[in-house]
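What follows is chain A paired twice: with chain B in the first complex and chain C in the second.
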Partner chain A sequence: MIPYKHYGLLAIVSLMWIVGCSSPYVENNMIEEIAPVVFWSIDKGTEGKFKISTLVPPLIKEKKRFLSKEVDLLKQGGKEFNLIYYRELKQGQLRMLLINEELAKEGGIEKLINTILVDPDISMRVYLLIVRGDFDEYIKNQLTKQENQDYFLYRMLKHYEEHNQGEMSIVNIHQFMKMLYSPLKDPIVPVFHADKNNFNYVGTAFFRNDKEVMVTQDVSDEIFQLLDNDHFLKVLAIPKLSISLGRVRSNIRMKLSSDYSSLSLHVGLKGRIEEYQGEKNIQSEEPLEHLIHEIEVYLEEQTSELLKSMQRLKVDPLEVGTHSLKPFSKELTEEQWLKYWGNMKINVDFDIKIQPLINVERLS
Partner chain B sequence: MKTLSLFNQTFTLGGIHFLLLVNRTQMHYFILIMPVYLVHSYMVWGIVALGLLSQLNLMMLCKWFTSSYAKRGYQGIVQLFGKRTVQVFAIFGFLIILLKISIITLGYVEMLHNFIYPSMNKKWLIFFILSISLFVASHGMEKTLRFVVIAFFCGAWILIMFIPFFFPPIANYRDLYPLIPTEWSGQSWQGLLFIWSAFSGPVYLVFMVPWLSSNQKISKYLVIGNMLTIIEYSLLFIATVLFYGSNFLNKINFPVVYMGRYIQTSGLERIDYILISFHMFNYVFDISILLLCFYGAGRVFMKKMNARTTRIGLLSSWFVILISIIIMDQWLWQTVPGQKMLLNIQIWLGAIIYLLVPTILFTVVKRKESM
Partner chain C sequence: MVEKHDPQMKNHQMSTWLDDLKQKLNHMDDAEIIEHRIGTGASVHLLFIKTLIDQERLNEAILQPLQRSAGHSVSSCIINSKVSEVISIEDAGQKIMQGFILLYDSVNDQWLGVQLENPLGRAVEPSQTETVIYGAKDSFSEQIDKNITMLRRRLPITTLKTESFTIGSLSKTKVVLMYIDGIINPEFVSLAREKIESVDFDQFLDSAQLAAFIEDHNHTVFPQFLQTDRPDACAYALGEGKLTLLVSNSPFALICPITLFHLFQSPEDYFLRWPVASFLRLMRYGSFIISLTMIPFYVALTTFHYQMVPLPILFVLLESRSKLPFTPFVEGIFMIVTLEIIKEASLRMPTKTSQTLGVIGGIVIGQAAVEAGFASKVLIVLMGISAIAFFLVPNYQMTKSMVLLQVLLLILASFLGLPGIVIGLIGILAHIHALTSLGQPYLAPLSPFYGKDWIDLFIRGPLIWMKTRPNNLKPLQKWRQEKMKK
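For the complex of A and B:
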């Protein structure tokens, strides 16, 4: 006779037994049998197919293998990987989605991202990267040189994402989708260049209607970081004036005229001179002032150029359009805004306040 | 074996319980899908406006709570309406509660199914959650009402998790513009109806009056509880608009849960598992309260008010609910139009009940008192 108070325990045990037998959990995960993946790389394959590839297994002391398949659908690729590998690939740890630039230029990456986004197993913080060149070759080559290259790549992106380090534009799939759907914003994605030995940051790609339309590089990418992305740059190097500014913080004020015919963009920069290779004697006040003025003019020119190319392509990654939103009036449609944006006059005004690291002689 | 006495009353619960009850009964399935119905940022004014209207409604209910009829429970209601009418009401109530439990459970189960157990058979989930509710309900009305404290403390903190969404980088305050509606469509009306329906939870408190104290100061707690709900609704809604932007928002089926997924700490990654699990306390509370109401309504129309409550009675009402949920799941919930229809029925029913019940009770009590 079982004591009365043990009925509950008995019930639980028998329930567990029943559950165990009929198993409502279809997916069983033994830790030895799964291989989490850190990235998918998607490239154009033959005949309109995708070529997707990944590296398995990450973070386990075991020789890594590079898997690559040509498929019609993204998820199909994941499935086919399972069938050629002895572990089951799990996407719960997916951290990066690398998309080949050719594919991005063609458009339609929204669908790829959506596939990842709607999967509850996958976090929404998957980083999105555009790759120029052959990433597969790079990662295959790295297999022999350095272990865990996939994981280190992720750490790099994570480092630059956190606290807006101000070197790269880092975007995750949620941010991309939010921008894509907002009528007055256009998404950005960082572009990396890959070859056999290197994988390095190139700049920021601007997307319009789900298509990559332009990439900013070097100085214009640095300006873009200041204008929109991080408002901070660790180093702003201007080779033309032989000067490097350090720890540059920007303060942006945008003002649209009421009929949307002109935009005045005021950029306040604060930073310090960290390097100077030029001829001027910046230890005295006058040449320094002059140099600062030169920097201002140079940056103003560069910025206007960047904005003009954005206008030409009718893309608005700086979210200038959102400045047209007002609390009490109707918002512009995307078409209306782009019409205004394309013809807008832009006044760029830089105001630079920099500290030289050495004492400036004062004119007495 | 002890006999089951579900509806015994040994003491009354005070004002704080009232506050929590009002607040928790308003925070159920609807809150999780609300942003999809509202979409535009200016609908936050809808939340505030209807919240204030709901305030008025609660004041009317207060008249009932403090009346002498309420204290007498079932007898009081019979005195007001007569036995026949009460029976008719009970039949209606029976069906309405059945529908409400079913939709709440289906909604929550769908969420569990989507996010935590995608490969599991849904019927198991339905069975489990109903079993837990049965367990809570079998402790009787009194303890179930006290369970609200647990439900509150397990649910209210979730809001804190969403505070980071108010701060950049994803948030852009210009996403909230325009602040006033520039165009108004059928969808906006439906949004308002939806909010009103979401506020309708406290209607079921009408039947729990005997366990709640009915002193004159009740109204204060009702108002605070409702205020809390308004704050919770609008915070969650604004957070979702900031997170998704209006255009992306209506493409997402469970915006609040997806936002939970976005939260990440270095130690724990799937915060949404925790949030969804804690949210279960709220559902269990809601379902068990409704289960008891359901059983009560059944007793009224079967004219068994004077008989003792039995295990068989509670279990059979539980089975009725289980079967109804499984049938609904099988036939309606799994198809998109069916699901839409069920939700629409629930929205309309909730809204109508919340409009009618307080007004009817208020006028009837007023008339009887003046007579």
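For the complex of A and C:
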């Protein structure tokens, strides 16, 4: 005789299992009748409307078609696409949300992102991108050259996201919302420039609430990668000093003064010289030390500038504010912190340890 | 030596039986009635069916001694150990059909039966159904006595008991219940005895038929008896505290009580190194799950949950399904049925033809079905994996049952998607949980929980650690070691 208590246990486990798996109310859409959308591109339309566009279908052996609509609401766009296309567009595989920079500068992208976020069909794997220029023109032009451009874009983002490669600031929708609602951290999104033939990474856009306030580019963006994003750079090229450092890893220490009037930022950098086109003889220790000192000074200047611009715009993507948190003491409000942050004196100190790839003659 | 029966039972008009028996043997060409005169001048009648008896031994054991006999008693000159007195005309009829020779001794007015059954049967051959690379190569044959011998040689102990039963009003099939007294829980023996005695049917041609009559649940797809033709597997089971049923004319013995997990165990598990055996056993469980759920999973994903499919795989799926006229469910069912047809056909055909069939079948389902638009490439790949995974489960009956379960899950998946598969699996699990084999829980030692038995459950632990017999069998002797017995 089997004890009936086991049935109860079995029922509970089963219920947990069912609930955990997925919703029992599912739509019946067969895979051959759907056209998953890999990206939505959102731009400013006329008369306060949105212009949304995408490519369908992501099938390999079917000719791709570029769809674009001017609508008041995001979901409306999806619906209108369905009415002109023979397959039902589904966002279950939506991987990229491209927002035009002008729209991002105006603010209000939180609502767009929320629409995507609350849709149970859409996973958390959606990458966010800010696009400078005309993305539609680029993708239309590329369709003739490279049919699966949408998929290749996604693979590029995925590649740079994995293993913290320290080349791009890749952000997914979930991370963006987390940063948006965090009182002591401001969101960041990567910025790309698009024109008819190119789609290039520009830098990192800093947001105050959901409005883009600044974009770091070139060396500033590389410093930002070292300070916050990945703490790693495969290559740090400093053209001014004619040097490329490779496999740079950073170790950041921040210290706030007790009255929040100053911040000491200590950056320990480790890396190796991979290329040097300058005049100095780096095979000798003294000129090498001198070069390292020059790099330190250069990076300190650049970092100070970057931080100052952040202070000026009252954005804190580096989470400096979290260093104000202490046990058993009241947390600062966002307003209080930004007030302190705006007036804070910043001391940046770089300590660089470099492996030259060549023999160095030591001074005796 | 003559077995004496109660004189009260004896029919005093035995001379009249001869006519009755002649009547019974009417229209039987192979029936022989010989009148033989012995030295005293008295006549002895011999009745037998010549196709059932060993005619050479008839000559040696009966005819020649009778020829030379000068005595008065027929029984004293028969050279055979299996001589018994016939007590009724029904008994006489039954004995003659079992390969006995009936002798009428007119001097003593006595009927005797001498067993001279023709030892017709095949030699001991390697097992065809449960082949192993290492381990014993002999397998049971259709002769029950030979089968008992094979077991007795493996377990030469006086506590190995055999109990015989005859079942089937037409087939008169002999069933032998075997167990080791002192190890097996007596409850199992009495329950098995009771069940066999209550069997009432006309014909039993195989042990599977007997199993159908004595199993606890008739309407399940899960076998509740382990059917094996390997004497070593039977001997191991007996030693563990299980019982074995041998059925005459069947080369398959039944082992019970069993659990679901026994269906995943192969005799070879115990001959290989334990980590290897454990890995193989885990593979079997894995392939069981894969073969059951892979096609339903495909149907669920392609019908309901495309969101779960990673984009690169979705590309492949979309491309492969884009030109198909059928729904994933129809496609799945079509492929499962086709595969079953090919499997069944290749079983029924001669070996050489079945190879051709395999090749043609493979091309038909592998290539032409895709090109004709009947099935997608992805499904063909999954079908192949699933079909191969089926064969990893060592129990053939279980493999056959699994197709039904697969179809059940497929139907649920086509209606409800993944929750359908989950509900199906829960249903199957609940069903297994409610099953019993000879009154013992089918899901033991998982539920009810017997922790120590887990050493030989999902993995096959080192033999030196298996010091106790499985607790779920409640054996009388728990320890396998001599010293621990005391």
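The rule is simple: the second predicted complex is superposed on the first by the 335 of 364 C-alpha atoms of A that agree within 3 Å, B and C clash if a C-alpha of one lies under 4 Å from a C-alpha of the other, contacts with A are read in each partner's own complex, and residues count from 1 in each chain.
The rule is simple: contacts are C-beta pairs under 8 Å (C-beta built on N, C-alpha and C of every residue); 3 or more make two chains touch, one makes a residue touch a chain.
Just so you know, these numbers come straight off a predicted model, no measurement behind them.
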item	value
Chain touching more of chain A, residue-wise (chain B, chain C)	C
Chain B versus chain C as contact partner of A:E27, first or second or both or neither	both
First, second, both or neither for A:P36, with chain B first and chain C second	second
Which superposed partner A:S123 touches (first chain B, second chain C, both, neither)	both
Which superposed partner A:I84 touches (first chain B, second chain C, both, neither)	neither
Contacts of A:S14 with chain B and chain C, given as first, second, both or neither	second
Touching both chain B and chain C, residues of chain A	24, 26-27, 121, 123
Contact set on chain B toward chain A in their complex	114-115, 117-121, 124, 169-170, 172, 174-175, 177-180, 182-183, 243-245, 247-248, 251, 258, 261-262, 264, 269
Chain A partner contacts - residues on chain C that touch it in the complex	301-307, 309, 311, 314-315, 317-319, 321-322, 324, 327-328, 416-419, 422-423, 426, 429-430, 433-434, 436, 441, 447-448
Sites on chain A touched by chain B in the complex	19, 24-27, 120-121, 123-125, 164, 174-175, 177-178, 180-183, 319, 322-323, 325-331
Interfacial residue positions of chain A with respect to chain C in the complex	2-3, 6-7, 10, 14, 17-18, 21-24, 26-32, 34, 36, 38, 57-62, 90, 92-93, 95, 121-123, 151, 154
